[in-house]
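A, B and C label the chains in the order they appear, each numbered from 1.
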Amino acid sequence: MATKPLPIKEKEKESQLYQASQWQLIWWRFRKHRVAAVSGVIIIFLYVIAAFVEVIAPYDPSAFSPLYAYVPPQQVRVIDSEGNFRAPFVYGLARSRDPETARITYEPDTSNIMPLKFLVRGDEYKFWGLFKGDWHLFGIDAGPRDRVFIWGADRLGRDLFSRLVYATRVSLSIGLLGVIFSFVFGIIIGGISGYYGGWIDNVIQRLIDFIRSIPTIPLWMGLAAALPVEWPPTRVYFLITLILSIIGWTGLARVVRGRFLALREEDFVTAARFVGAGEGRIIFRHMLPSFSSHIIAALTLAIPDMILAETSLSFLGLGLRSPVNSWGVLLQEAQNLSSVALAPWLLIPGVAVVVTILAFNFLGDGLRDAADPYGD
Amino acid sequence: MPELSAKQTEPLLEVKHLKKYFPVKKGFLQRVVGHVKAVDDVSFTIHKGETFGLVGESGSGKSTTARLILRGYGVTSGSLRFTRPDGSVVDIAQLNKGELKALRRDVQMIFQDPFSSLNPRMTVLQIVGEPLTVHNIADGSELVDRVAQLLRDVGLRPEIMNRYPHAFSGGQRQRISIARALALNPSFIAADEAVSALDVSVAAQNLNLLKDLQDEHNLTYLFITHDLSTVQHISDRLAVMYVGQLVEIADTETLFNNPLHPYTEALLSAVPRPDPDFALKKKRIVLKGDVADPSNPPSGCYFHPRCNYATDECKAKTPEFREVGEGHWVRCHHAETLELAGVE
Amino acid sequence: MSDTHNQQAINEPLLEVNNLKTYFSVREGTVRSVDGVSFSIAKGQTTAVVGESGCGKSITARSIMQLVPKPGKIVDGSVLFHRYHDSKPTEVLNLSKAPSDGELMREVRGNDIAMIFQEPMTSFSPVHSISNQMYETLRNHRRVSKREALELSIDVLKRVNMPKPEQIALSYPHQLSGGMRQRAMIAMALSCEPSLLIADEPTTALDVTTEAQILDLLRDLRDRLGMAMMFITHNLGVVAEIAEFVQVMYLGKVVESAPVRDIFYNAKHPYTKSLLLSVPKLNERVDRLATIEGSVPDPFSIPTGCPFHTRCPEAIPGVCDVEIPETFEIDAQHTVTCHLYEGETRA
């Protein structure tokens, strides 16, 4: 049967498609990739948490008390022992010592009902080290000796949830900062290598080969061990980030160089040269935008490597140390067998690492597929 | 011999003994072990207002010649004397950076691949307007006006200037390329296989457009192609290249009816004609072997291994490129004695 | 000559394509790449399928081989392949109904119908030698040892007039020139002696002198082996050189079908006529090339009625833009799908 001509609405959609810039096309392609989009949301969520750690964590992460050593995670309930519905609450803890093993055990004390409140005032903090405040997202409005341990407590009675939240900021930011260092370094060196080619490219690539051939963990261990013990935690933090970037930039440099080499031969770059465009314009206006989407994808995939690296180092005791919290530091305390057997909740930071790394990988994959010009 | 009109005898571009050798590097230290003689002693003159066709197969060096004229890379040796609109003569091969940029206003190129010659991340306005922006000729609303006029000149509606290249077909993209080449009002345009990637009817449209533009804007064309049928309709004179060397130059009619080089004869014979009766009857000249390797060309005359008329002399000595008839140049030892078939 | 082939077409059909429809469902809509294509090829006959880009000729070939890339699907029509043994018909296979990855199709591909492509470089595996790749093809269809395969490859390479066949058999694709790779691909396609060779733009990427060599080779093979060929191209010159029959396609439909001389000297469909006019001819220099007005419509907004009416110099308003034309017979073998020929017998 004869096809009807397209209605006007469709024509608009066509026109939208024609006027869509490369970024819009990439965004549309990305949206179709469900897993990547969900991962993107998760990561945004994690970074929001990292921004607001002081508010989200109910307690100061360093606040400890021997009274609460190895408290298991407390269940948030809505039905009390008599079967009544209540606003979310937590039972208090009754401490007792097991007669046989001489271990401390904690039982929920049904007589002590501690309701969970949102936006409570609690331990004081300095938001990002700048502003004083004491508002917390949630907490229990009860006596000073009562505490709520959503995910349990560690050996020193410190709230794991609070420590985990604080660690999120450190781990995620090291990932981001480390990748930014690598990026700046990598794009400059990789750009020079790919743009000029010839012997410069050869020398730089051999240097990169050499750096990459050094086994990473021993290198990091060596560098980290060289850091003076008495240095303040923030300085250590930055140095560790720098150390991790030393290897990281080579991967990015390779990607950048590859793209430059490919783009140099593209007709539209030659065309720009032939209309009289200078080298600067060609690099910034023609070449860089062409692979910026690939760079973003490469960056996104480099972040989990950085996070994992820091986690590994700290886990081995060679990276960050208390009182700085990172996931690696938290995991270090779960290293011995007795902790794992008796207090398995101490492994929750491992789950956080897995979730974050997976999310970044899916996101990076989605971005890379969306940015791929041959995918359409 | 047809009389060349006065307009056509003024030289615009004189190419003399042009050579471009690419080094072949091997090994870890990238030692130079040989050269690919992409362009090997090429000389010809293009006159003002004419369309000069440059024909050859892969490895012939025709594209490299065009890019040398545009100074896409440096020449190994030789000169490219170009007459600028103000009458001054410059050697493109010797220009420095500043002078080269000025030259770009007179000499432009249209590329073969409509898909890779336009930056997919720029709008048509930005692409066609780039020459004007780079030379600080126009910006803002004046830029928009000039781009609109250029688009109209190539038969496209100005409203499309906000679109991106992916919205257009191959033929339309080539028109955008042509508009970009016209932006600076050049006197000379090299069209490097400008219609080869297009369907026949679209190619025909673009060829007609190029011809019209030539009249309207007083352009001189260097038309590079491997397709003998198309080049015939647009060129005044033709040069045939084989493995980096010129083997024949003549005006189009003479070349087609009275070729003097066996390779030209074979090329003409090889072109498939849309004429079944002719295809049955024609005396086919099918060359043996493949196109010679420019990094390791045969001794003597490069064409001798495939030539049906080759003699010992052809194997031993490279023939000179010499003028045999008026304006008719050939590189063949036997040019005077061979009776070759043209198209009839 | 065409009369004998006419007889053949009736007596010894090899491939019958009937109302084939292959559609692609994409986000923006449905692309009707092949929209009701019918033709047949007789034993030993060469048919050219000609059209510009987007007309569906490649997808037609792939549909026959059940190699349509996703999201394409054969939605209607049939493809019948006739097998012969010692010139006697043995069985008729319905290819369009067979599952694309099933045993029947794997048996047919390479053995009964072989295909060669435009880009020989990308059709060969870069990490296997030529004879190794032939071994792959051969052992799918018969029992051969690697040594026998090597000998067979050298044999087949000799058949395609490949210089130094023993050396070439052991070479890798990147060591060969474009023309030699195409020869090697033809050799590989012939290794199991198929009765039909589908060639999808095999000479488009080649230099014109190499193209002449390959066309010569294909003609020679056709005469020697009695092989049928379906030759897909957009180059009318090549069609004139090699085809016995021609199917002209436009936007997924066959608009004209005739023996080669009729197409060139007695074209009936306005598209065919316009196409012939716009081909630059080597021996007639003109000032302005004839063109076809407008451009190929967007596949998502195919015009109503006859898809060519928007560009047709002979379109009848009120008819061509409303009704889809039927196919009419000009004579025994020449059919046209066009309203202008309403008076003729329906095909």
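Structure notes:
Rule of thumb we're sticking to: contacts are C-beta pairs under 8 Å (C-beta built on N, C-alpha and C of every residue); 3 or more make two chains touch, one makes a residue touch a chain.
Worth saying up front: this structure is predicted, and the values here are computed from it rather than measured.
For chain C, the chain whose average C-alpha position is most distant is A.
The count of contacting C-beta pairs peaks for the chain pair B-C. Distance from the chain B centre to the chain C centre is 33 Å, each centre being the mean of its Cα atoms. Mean C-alpha positions place chain A and chain B at a centre distance of 56 Å.
Note for the complex: chain B touches chain A at residues 30, 67, 70, 72, 101, 104-105, 108-109, 111-113, 116-121, 123, 130-131, 134-135, 162-164, 166-167, 177, 180, 183-184. Interface of chain A with chain B (complex): residues 17-22, 25, 199, 202, 266-268, 270-278, 281, 286, 289-290, 373. Across the complex, chain C meets chain B through its residues 52-53, 163, 177-180, 207-213, 215-216, 234-241, 243, 260-261, 264, 274-276, 278-283, 285-292, 295-296.
Contact residues on chain B toward chain C in their complex (touch as defined above): 57-58, 169-172, 199-202, 204-205, 207-208, 211, 226-230, 232-233, 252-253, 256, 266-279, 284, 286-287, 289-291, 343-344.
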